[in-house]
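Okay, got some structures for you below.
Below, chain A partners chain B and then partners chain C, in two separate complexes.
Moving on to the complex of A and B:
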């Protein structure tokens, strides 16, 4: 069984389903504070401009390495964390989304007052951080969250009955014996029962605790649930039981899922559509089958290569592993964020001074003689060495065949003047997510028309 | 279901909500009594409380104010064992046993009032600071820092000195001093607890801030406050005795510190009982609550509790 869906089709054929959640350029930056005065010295760009829709009745799988911002994005969608930029919308129609996109392109200053009024009314009706009163309550009820750690998400001092029945109490849906019966029903729907009502969370196994969490999430009969790595803390055998349960609940209740995981096997099993995230950005997005059959992004290929049993016949991809470390999200790479690890990076992928410095520090001892760096931009700096000889040595290293070809080709200026070495890389824009096929998007410039790779200077 | 069945309690036990809570209380009690030093502390506390509560039965209450030492000018400086004065008398004819018994009652009154008020005030202030955060937090914690910077004995001394010597003022002074510790403890706990995912779970279902504080944050933060309160039940009596010893309470009060102070002159003349016995009571009281508080801390430790 490769997919639990009875009808695992690409997103394209399901595109007529209405979106439940729409993300438009969502950003979440966490301030980095330092020193006694706790001054803000930078920002961790946990989520850095993410757009996609989650359609009614579907499972959207969000996959990426640990630390790439999946949980943060899920929390933003559930309204647990506020966003730094962009918007998250509930039940935004396709037409309204296109209108908003159009208006963004026009720019606020040049919109007519009618257009501005329409933007305002759409945002007030759909944008979750603008919802008030009854519309907010509707959203709150319809968007639930299942946390990764079922131990810490259940109050250790509350009985199962109070945990699962709490949403019903909050919305005054039930009380007394009626509440108890509703809780029993919910427990039964997740494979637990009446005998578990009066127990504390610590009296259950990990899988049972996750079932309790799921029962609580179902209590208000929501439309949409964020599942944040719901099985990654569980044993493999228990894992598949929970996945089957989630699938069955989705079928019975027509639920829409955002399924967050770092496990490609799990995401493939569960998803209709998959979004691949890396350092806060979407790298690729496609229908589940399509993504595994014909990935169009080197990062996706590298992830697949790390799980050889998931590959479908592409032996070449197996050769390209994932090397190096995830970049610091407080100082993400320019151009394509994956260029520091990409095995097929081109000169147009965003090479910058940091890459040259990192390479020198990894492959030589030359930086020990470095006095300072005068940075005019990410792409241009002057490295000042103690000795002119060291600067000359650094220059010849950076010009040699030892450094990656793509980085060397991106160097447009390498100029030694006494102890100073001026480095300048070709400046490139941030890569964009573009359509490459119906319902298939990628940000890799090898697959899109963003850069004309043959007409480099 | 293939998953490991619930481990505790046995699935057969009939369990309603009340039974569960009673059983849990029983478990904690059993845990407490497993440690012999804690048990000793508990036994001493129980005897002291019993003595305080039964004071009017053990001795004949002085009139009009039972908290004043009775004066029997016909029997001054009697040694312990004297008929009618089991623990002897003071140089002003006060019965030492009366002082011990009613002193326990004074101590109980004092510590319940001070601990009760400071615990509530400290918990409220610390909760506001920790739960709301931001500017409010900064202002409250500034105040707390200032109060904590001054040694509590000196601060209480200053207040009592300004307001004049009376036991009521000692109570007031101690109240002003002792709440900050609770504020600090509860704030730290809340800042830690409010990042738990069960708090986020409550937010996701749309419960109100007040309910989240009441049901999730406070109950999971309050354990160290309970422990501190137990320790303070002892410490406060010690501090109050110190203050009344140096003369900040009314003379003639049935209070251990006052008795130690009034009896000390006779020690050089061999009349040890009038000050040593009340002094031992202060020691016993503080020791008992500290033994019990320490044991309670181990049992209620969130790292071991309920796992």
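Moving on to the complex of A and C:
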């Protein structure tokens, strides 16, 4: 178990299904600083508790709108940045993962010393931020990254030969003419050739530059590559060349991919399994065909509705968008993070004080009259107005049909007292990913058992 | 969104808003003369939405910008052609069009923003970061609708107010607005502006327009900024709206909302739209007709449905087959081999002949004109020509299999 190179447990499951990368509750927060002293006033929760595995020889597609944390997660996985919480594991067997999950459930205090020792040895052997020496090097060379913007990721003052050959030199894999020959081989594998060795990045088109990036990623013959929007900056006719190339390389070399993109057509074509992210969290995860054929999350449905070409019988399908904006990841919504935009939200989806304030500030009289919001929690607060009349107006607005039904139903207390308006929403837990079918998980409470919806008024 | 049948389409009698004829825009570069737009012709009919699609660098933006003469000269040159434009009056009275490339600068200023409005890909860059949204949208009313600002006044408003509505006030006059007797009419003018700005923003379904009015661009999301741009563009009820990749920088769910919005407003106001995008699947949802552009030329043009179901030009066929769709298997996307040709001093040849799998000898020495042949919509490809038309033997013409795109 301690030797990364020949993990014996890997043989127990089918070879092609061995997880290469395993995420367990991964978090990455960025501090938000303010003022002259640059004090930390909060955190951007770019990645907020993400778990999944990427299996040997497969492509996992990671899809979601910009800012949802895809790049940050990809960088964490490739070891380019540290994590705030949770763990990323390299070649962690299913059995070990289950053991770790079990131990988390037991809690550290109640584990036996034997169990603690086993946890420790698994973590030392697989958890990327605990790897040292040779195991760290093995992970680093087996895990490569291709960036969206091939132009800024290639040093403009270096020749192609040096760009592609650099990993080989750093890892002392080759030098001299041997190095040159290895670089030529790599260039040929991505559809370029010897004639390109002594040129600079700016002498290439966008598609060719992306080929150079791919050649560089392949230099150390890695097992796994993070592809961060590798074709988003390219035109469709060039995109199709790169997508075909990536597929061929995967076939020839048995590569495992994490394919990050915001393009649903591309992710559907390229992935075996798809993870849909929203504001740092996984909303849904399923096989590629399954996700498109029977989505089990309103956010996934919204993404599909915005791309009707991908639906069967697309001819007459209407293209539909979503109202509202993506929430601030420094202050993400409670309950289900999608509740502020979800067209089918229920009273149990996490309505909170911020939602009430957002609706009230759509009314300019109320907005101007609102003096302060004193919260005792995200779900409970006293709104203070300049005039009792405005407080009464706010109360009747929150009780009116102008407010979404689900939000009104979640409002368990609405009480005006002079210039003060007390509001309290029913407190709910954060939603969890749950299995709904074989290999299909969703966090939407409409599809899972995490909320008893019938018991609501 | 499925395009409701709104516009009189290729009907010859339908009136035109604009007609581009043999437009040529060249740039002087170190490498030589770059033919960015090289003999482009198309019509935009009254009330229709025409999509101009093609890959990066094919000349879409240059074409669009030349409507408003926004090409930097030098290095650019208007090397030939005309852009005829019929204003509402001209269309109603059967009057003659103006040539946008020839009208005097003063008339161009009136056309810009008033008759022809443009929205761009990056709303962040087009908005002034130092001005509130109210000020930026109000600007449009001051510049183009100062008459409307004075609507509903009993009798003639005081002269300084008239000057203010046209943004011609001097420093002293501004001071005078702070005290009687001008204070109250000045307030009234301000309120009128606020109402118009508020209405314009509300029309783009911005939630709480009054709150947005007091914000600055950096406080708004990309989707909101694009709505502000749309409000600005439509404030003067233009005859033609040119939208240059207006949603490319936005997320898909927001993009879909903005497209719905443009379509709704277009139908409500009967505005003609030239919609530019590199994304064929998007254009398909909102345009009545599509013109496909390649390397500075129009490859084919026709009703959206026809172009998608029966693409004629080999480039259009390649482009459609390269978009990942339900029908594709992994690793088997169609590719168009090769790269876009240099636009520097191009040879008289089909621009696509280096990449076209149907190309013959003839394609390398004769540029195919964009012509409509009997029973076919306009396409620029020798494969649809008859031997007589070109005076060559039939076996010299490319064989295009019309049933297997």
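Note that the second predicted complex is superposed on the first by the 427 of 457 C-alpha atoms of A that agree within 3 Å, B and C clash if a C-alpha of one lies under 4 Å from a C-alpha of the other, contacts with A are read in each partner's own complex, and residues count from 1 in each chain.
FYI, a residue touches a chain if its C-beta (ideal position, glycine included) is under 8 Å from a C-beta of that chain, and two chains touch if they have at least 3 such contacts.
All figures in this text were calculated on a predicted structure; none of them were measured in a lab.
J.: Applying the touch criterion given at the start, work out whether A:93 contacts chain B, chain C, both or neither, answering first, second, both or neither.
T.: Neither partner.
J.: Return first, second, both or neither, reflecting whether A:80 touches chain B, chain C, both chains, or no partner chain.
T.: The first partner, chain B, only.
J.: Should A:157 be classified as contacting the first partner (chain B), the second (chain C), both, or neither?
T.: It touches chain B, and chain C stays clear.
J.: Touching A:191 in the superposition: chain B (first), chain C (second), both, neither?
T.: first
J.: Would you check which partner chain A:448 touches, where first means chain B only, second means chain C only, and both and neither mean what they say?
T.: neither
J.: Would you check which partner chain A:144 touches, where first means chain B only, second means chain C only, and both and neither mean what they say?
T.: first
J.: With both complexes superposed on chain A, which partner does A:237 reach: first (chain B), second (chain C), both or neither?
T.: A:237 sits against chain B and chain C alike.
J.: Output check: A:306 vs chain B and chain C. Expected answer is one of first, second, both, neither. What do you get?
T.: second
J.: So, A:205: does it touch chain B (first), chain C (second), both, or neither?
T.: both
J.: Do any residues of chain A touch both chain B and chain C, and if so, which are they?
T.: Of chain A, residues 205, 207, 237, 241 contact chain B in one complex and chain C in the other.
J.: Mind pulling up the chain A residues that touch chain B in the complex?
T.: Chain A reaches chain B through residues 75, 78-80, 137, 140-141, 143-145, 147, 149, 152-159, 161, 166-167, 170-171, 191, 195-196, 198-200, 202-205, 207-208, 213, 216, 219-220, 237-238, 241.
J.: Give every residue of chain C touching chain A within the complex, in rising order.
T.: 1-2, 55-56, 207-208, 210-211, 221, 223-224, 251-260, 278, 280-281, 284-285, 318-319, 322-326, 328, 330-336, 339
J.: Okay, in this complex, where on chain B does chain A touch?
T.: Residues in contact with chain A: 1-9, 11, 15-17, 19-20, 196-198, 200-208, 211, 215-216, 219-220, 306-307.
J.: Once bound in the complex, which stretches of chain A touch chain C?
T.: Touch residues, chain A against chain C: 65-66, 205, 207, 235-237, 239-241, 243-244, 247-248, 251, 262-266, 268-270, 302-303, 305-310, 312, 314, 316-323, 325-326, 361-364, 367.
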